Structures are given as C-alpha cells and as structure tokens.
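In what comes next, chain A is part of two complexes: it sits with chain B in the first one and with chain C in the second one.
Presenting the complex of A and B:
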C-alpha cells in the first residue's frame, strides 16, 4: 500500500495515496473546501511552515499540511490495531490502525472518508 | 523611775493631763454628791412625800366640793321639784291600785328626766326619803319602795345611810358621808344627803345621791413618785380606810387602822398636816398626812373628816439615793472611759506630728535627708509637719544641687589642673620649639643662599627645555597628518564592505527564488509519483523518474540551505568588519584629537616655561627679601622665648591655685557626703 507521509508537529502522519488526487501549493485553489490538519485532528490551530494542500480524490476537500516528506510503500504486516480503550479517546478523523516501522516513530493515519464534507 | 514612762512620752503626758482636767472637777462633784448626806436625802423625801400628799388631798377636796355643788343644783332642779310634788299629791290619796298606777305614771313621766339629770351631774345613785317618818319612797333606781322607817334597819350600809339621814333631819343641812354596802372598797359609795324644801319652804323630803369611790381612789393613786415602798390610803374620822389604791382591784375589805400610829396622830392632829417617822414592826417608816376639808359653807354639813396618808420605808429612801449615786458613778465612769479614749486620740493626734517632726529632726541632725513626713491634718500641727517635710525636701534639693556643683567644681578643678599641666608642658615644648625654630631659622637663612643659586640653575634648565619642546611640537604635527591619511583609507574600506553586504543580500533573494522553485518541483514530483502509483505497473518507470526528480529537488534544497548559511556567515563577517572599521575610525579620531590637544598643550607649556623663567627671576628677588625677613623673625623669636618664660611662671601660679581649689572642693565633698539624700542612696 502506498502512503503519502507528511510532517505533523514533531512527528509524522500518513494518508493513503489512492485517496489523494494531487498536491498543490497553499492558496492556489479556491474551489476546494480546506480543512486544516491541526483543526480536524482536534489540536489547537498553529501556524504552518511551508504549508501545502492535499486534494482528496472524488471529493472537493483539501487538507492543509506542513510539509510533504515521503511516498512510502507499506506492507500489511506493518499495520497494527490500537487498543479499544485508546481508540475511544482518539479523534474520529484518524484511523484505528497505525503504522509501525522499526527504529522509527509510530505513524498515525488520516482516514479520508471520515473527513466531514462541511 | 516609775514615772519615766510619762516623762519620756508626750502622748502619755497629754493623756494624763486630759484625764486630770476631767477628773479633778468630777472628783469635786462626786465629793459634793457624797456629802449629800442621808439627812438631806430624808429631808428631800419628806418634802416630796408631803408635797405630793397635799396635792392629792387638794384634788380630792376639790372633787368632793364640785360634787356637793352639783348635788345642791339637783335639789333645786325643776324636774326634781315636780317629781316630789307629784309624790306628795299621790300620797294624800288613799292607798289603792289606782294610786299604784299613778305612781307608775309619775315614774314614767318624771323618773327618766330626773335620772338623766342625776347621771349628767356625775352621780350614779338617787334615793328619795320622806322626812318625818324616814320612809324610803324611791330606791337608788327610783323604784317605788315605801318600805317604812329605815331607822330600824341595822345593815352596815343602811346604818351609815341612817347616820347621814339623821344628820340631815336634825340639821337641815347637806351632809356628806361614805358608805359601803358590802364592806369592800370597790363597792364604797360617797353619799350626799340633801334636804328638800317644798314651795312653802318646809323641809319635807331628803334626797340621797351618791357616786362610787372610784374617782377618789384614782386621784389618790396618781403619781407614786420615785419610792417603791410608798403606800397611800384615805381614812375617815373613824379610822376606817375608805380608799387604798394599791388594793382597789381585789375588793380589799375595809378595815380600821386604830392601832396605826400615823392614823392616830393624823386624827388627833386634825385638820393639820405633818410628816413624821414611826416604827411599824421592825420597819422604820416615814409618813405624811393631809386633811381633806369638805366643809366650806354653812349650808353644808359633813362628817367626812378624811385624812390622806402616805407612808414609805426609810430604807427605801437610802436605797433610792444609793441607786441614784450608783447611776451617777456609772455615768461618771462611762464618761471617764470616753474621756480617756478621747484624750488618747487627741494625744495621739498631737503627739504623732510632733513625733514625726522629732524623727525628722534627728535624721536631719544625722545628715539624713530621706525622711519626708506627711500629714492630712489641716491644723497648725499638720502645717508644721508638712512644712518640715517641705523643708527637708528643699534641703535635699539644695544639697543635691550643691553636690552637683561641687562635683562640677571638682571636675572643673581637675580639668583646670590637667589643662594647666598640659599648658605647662606645652609651654616647655613651646620654649624648646622656639629654640628649635631659632636654630632652624639660622639654617633657613643659610639655605636661602643655596636656594638662590638653585633658582639660577633652574632658569638655565628652563631655557633648554623650551628648545626641546619646540622640536617635539613639530614631530607631533607630522604624526597627526599621517593619521588623517589612514582615516580616509579606512572610510573607503567601510564603503566596500557595505557594498559586499548588499550583494550578499541580493544573492539571498535569488536563493529564495531557487528554494521556491525547488518546493514547486518537489510538489510536482510528488504528484508525478501519485500518478505513477495510480497507473499501476505501467507507471512504475515513470514513478522511478519522479522519485529521482524528488531526490534531486531535495539535494537542491539542501544545497540552497548550505548556500544560505554561507551567505549568512559572509553577512555576519561583513557586519563585524564594518564594526571593526568604525572602531578604528573612532580610534583615529581620538588620536587626531589627542595630537591636536598635545600641540595645544605644548604651546601652553612653552608659554608656561616663559612665565616660569620670569617667575624664577622674581623668586630670586623674593629669596633675598626672605633672608631679610628671617633675620627679623629671629629677633621676634627671642622676644617670644622671653614671653614663654613668663607664661610658664604664670601657669605655675595657676597650678598652685588649682591645687588649693581642689583641696577646698574635696573638703566640701566630705561635708556634703555627710548628708544622705534619696539621690545619693
């Protein structure tokens, strides 16, 4: 599975590449509804450094992120489910799975389908 | 020795004095009282007994006379006349039931009026008798009692009544007598027999009115005086007791006192009065008798011949006077005790302030000024104590002040002494100093010659310095010119560095553009990778190209970051160079300023050296003048030495006076130390 990795605060976050249409510089498209990744994950909004927009496929929605880091191929065994108690307290926009690579931080995944239309 | 306690204490003396003042007159009075002998007491008792007896007899006499007048009034009263006329008229009629009824009607019609009149006049009894036959027509309560001749009755009271009636019948005058029905005193009655004359002036009836002896008894009982054993009774001419007040309440049977010495003497001596001593058994008695004379007019006949007798035991007289003496003595003693305590208080009140003042004076004599007696008395003694206390306080204050003054004087003396010693030492030092100064002035005078030579040498050296400094001023001027050239070069370098900095900023801007392009390229490479990924197997090769482009972009970004850091370093270095150049410029400016200042200073030094040369000449002249002055100073110092010698002698004299002054102060301190005040304690 291909994952687009982008910077989120001091860590990383990912989104499935098949859900993404394209990446565009911030402020270049006024037709899309832009959701700030900080806002929808539930954090207090902070200023972006080198912000970009990730346009979602088949939806007029874009995510404003800090910086694109990588496009990575991830195997199925690298996914693992979070415990139910942790899931109860997680934001609904995030997937219940996370990606774990050895010697790296745990990567959260954004669920594009759970990003609200409004 | 025994009376020393009196001599030593003012209080005891005063107490004794007060007691003597009280005791002497009291003793005199007591002596007079004790000389009030039994004979005098007996005389007083006789006078009192006789006087009181006479008074009572007179009262009784007056009472009986008053009743007689009232009885006479009754006999002339209209009601009585009409009543007796009615009786006579009825008696003329033959005896019948009709006559009895007429009697009853008469009593009903007149009886009550007569009774009321009799009671109003103070009588309780009324009887009516027929004169000729002596028949009793109406009894005491005006009941009809035609009982025949009363002369035949032998009863005790009736016999007495018959005696009165016979007297009235034979004399035709009012007759008074006392009678007792039952022989007891409380039943005794005083009867008044009154002749009644009809309208023709014929003596037809006898009226008998009477009243109880109670009033007489009461008058005889009034005021027994101060003697407990006094006994009073009333007897008639037959030695019959008709009143004995002490026994009035228990129906004392009337008896005769025929064997009573006093009664016999009184009746024998009637109608005179007297007091005499007599023996009654074992008891010595004193008695008085006073007659009661009831016959005051010719129209009244009486057989009263009453005598009021009072008697008492002579022992009672002595006892009474003894009791009075004991009471007087008790009162005297009581007053004496009171006087003693009063005297004690007064003596204490007088002696205490004097004692306080004495203590104060003793302590004062011992030099102790710490005792300040106080007194709340407002009299002269209190004033004396307070004045004494104030005197000690004032003395204490004066001694305190004197002590302070002496201490101050002592301190001043010591100070003067030490000052004089110091002055003496200073004087000696001054003399030595004057000598030293004198020798110094000699050396000074010698030195002036050497100074004069030195001044001339200085003048020559000043000339040489002037030449050298002028040369140095030229050298400094050329250095200053070189520094200006360097300053211009430095300013030019700063301009170049600033230009270099501006260029590096332009390079930074270009690097920003390159960064932006790299970012765009990175996005494009990401999109290309996305496209390749969505294209599946066919897009793999395109994906590789996209990845290569993305890596290349990242390398470019890294390179631009490195260039950015290099440019930043260049800018930092440029800034440092500019700062260093500016600092150099400032230093050059300071050097130039210093050079200018040095030139200025050298010019001033040159000017100063010129002035110094002139001054040196003036100094040489002044040194010569000072040599002359030094000679004059030496002359003055000799005079000063002589003055110091005189000063030293004067100080010696002051020192001796100071020693004497300290001696006097010490003597004064010794005197003052003998006084002890609260401050000194």
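Presenting the complex of A and C:
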C-alpha cells in the first residue's frame, strides 16, 4: 500500500495515497474546505513551517499538513493494531492500525473516511 | 485491607521512591525508546512503542500516582505488565530487584501517602531498610478500564 507521509509534532503521520487526489501548496485553491491536521485530531492548532494541502479524492476537502516527508510503500506485515487501551481513548479520525518499520518510530494513520465533510 | 499477597515482587524506582508490583504480572523490563504520541488520549497515556512485534501502550506511572509529569527520556525504563488481558508499559526510572516475599515484612498502607498512591497501593514492604510501596496491578488495571468508559 502506498502511504503519503507527513510531519506531525516530533514524529510522522500518514494517509493512504489511494484516497488522495493531489498535494498542493497551501492557499492555492479556494474551492476546497480545509481542515488542519492538528484540529481534526483534537489538538490545539499550531503554525506550520512548510504548510501543504492534501486534497482528498472525490471530496472537496483538503487536509492542511506541516511538511510532506515521503511517499512510502508499506507491506502488510508492517501494519500493526493499536492496543485496546489506546483505541478506547484516541481520536476517531485516526486509524486503529499503525505502521512500524524496523528502527523507525511508530507512524499513525489518518482515516480519510473520517475526516468530516462539513 | 491487604489483598491476596504476591509471592515475589519486582521492585523499582520512581522519583527517588521505591515501588513494587507482583513479579507474576511483569512480562519484561525494557528501555522505552521513542514513544509515538497519540492525540486524544488522557495524559497518563504517553503513547505507543513497538516492542517485540507488538504495539504497546506506554503509561505515565507518575500521573497515575498523582505526581507531576515529566517528559519521557529515551533511556527511561518500561516495565511491561499484563493483567486480565490488558497489557501496558509503565514508565519508571529503573528496575531495582526481584525478591521473594517475606510476609512478615508487609504492613498496611499508611494514611500519610497521597490519595492516588493509597488508591493503588496494597501494602508497604520493608526491603533493605527501605520502604517499598506495593502497587496492586489489579486495582491499577481496573482504574484504567474505568477511565476508558
């Protein structure tokens, strides 16, 4: 599976590439409803350094992220379920599975279907 | 009231104080490495790490014991516990010893301890002239499940 990887706080976060139409510089499209990554995961909005919009396929929605880091191929064995204790509490816009690659930090995934349409 | 006492204890250090858990619920002790923060979780859930093919929750024992939070460091130690099908890693300063319990060294939890510690403690153990607060993993896990509701 192809994952678009972006910076989130001190780590990384990803979103499935098949749900993404394109990535564009912030402020270049007025037709899209833009959701900030910090806001949709329930955190306080913070300023972005290299702000970019991830436009979702077939939806007039974009996700404002801080910095695009990578477009990565991820194998099935690199997906892991979060523990139940964490799933009970975490923000529902996140997927209940995460990506772990050898010697890297665990990467969270945004569920594109759970980004609100309004 | 003292609950059913463990046969052996895993003694560890947190903020200069000694605590212990039943060694039967301790699955391992590891360096914690880089913790991935999970948005939306309560402050006592510091995040997750990958450990031996699983993703494990890392809990801030300081907060659970009513102590001030401090940011985790890479060389902090994680004590993995498993109780009633719930697994979690508790962040501690360092593991000290695993000992056989001598029941004559156990006394009741004194009221001078803070309420958060009292609510999780099952007794006090005298070890090498030190006071060790015995924590009940059962009460701890019950508390975590309650807060999840």
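Here is the rule we go by: the second predicted complex is superposed on the first by the 118 of 118 C-alpha atoms of A that agree within 3 Å, B and C clash if a C-alpha of one lies under 4 Å from a C-alpha of the other, contacts with A are read in each partner's own complex, and residues count from 1 in each chain.
Rule of thumb we're sticking to: a residue touches a chain if its C-beta (ideal position, glycine included) is under 8 Å from a C-beta of that chain, and two chains touch if they have at least 3 such contacts.
Everything numeric here is computed off the predicted structure, so don't read it as measured data.
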item: Overlay on chain A: chain C relative to chain B, clash or fit; value: fit
item: Chain C versus chain B, contacts on chain A by residue; value: C
item: Touched partner set for A:10, first chain B, second chain C, both or neither; value: second
item: Arrangement angle, chain B at one end, chain C at the other, chain A at the vertex (C-alpha, nearest 10°); value: 50
item: Chain B versus chain C as contact partner of A:88, first or second or both or neither; value: second
item: Which of chain B and chain C A:50 touches, first, second, both or neither; value: first
item: First (chain B), second (chain C), both or neither touched by A:100; value: second
item: Which of chain B and chain C A:29 touches, first, second, both or neither; value: neither
item: CA minimum distance (chain B, chain C), superposed complexes, angstrom; value: 25
item: Complex contact set, residues of chain A against chain C; value: 9-11, 41-43, 80-86, 88-92, 94, 98, 100, 105-108
item: Touch list for chain B against partner chain A, complex; value: 519-520, 522-523, 526-527, 529-530, 533-534, 547
item: List of chain A residues in touch with chain B within their complex; value: 2, 4, 17-18, 20-25, 50, 52, 68, 71
item: Chain A contact footprint on chain C (complex, rising order); value: 34, 36-42, 45, 48-50, 54-57, 86-88, 144, 148
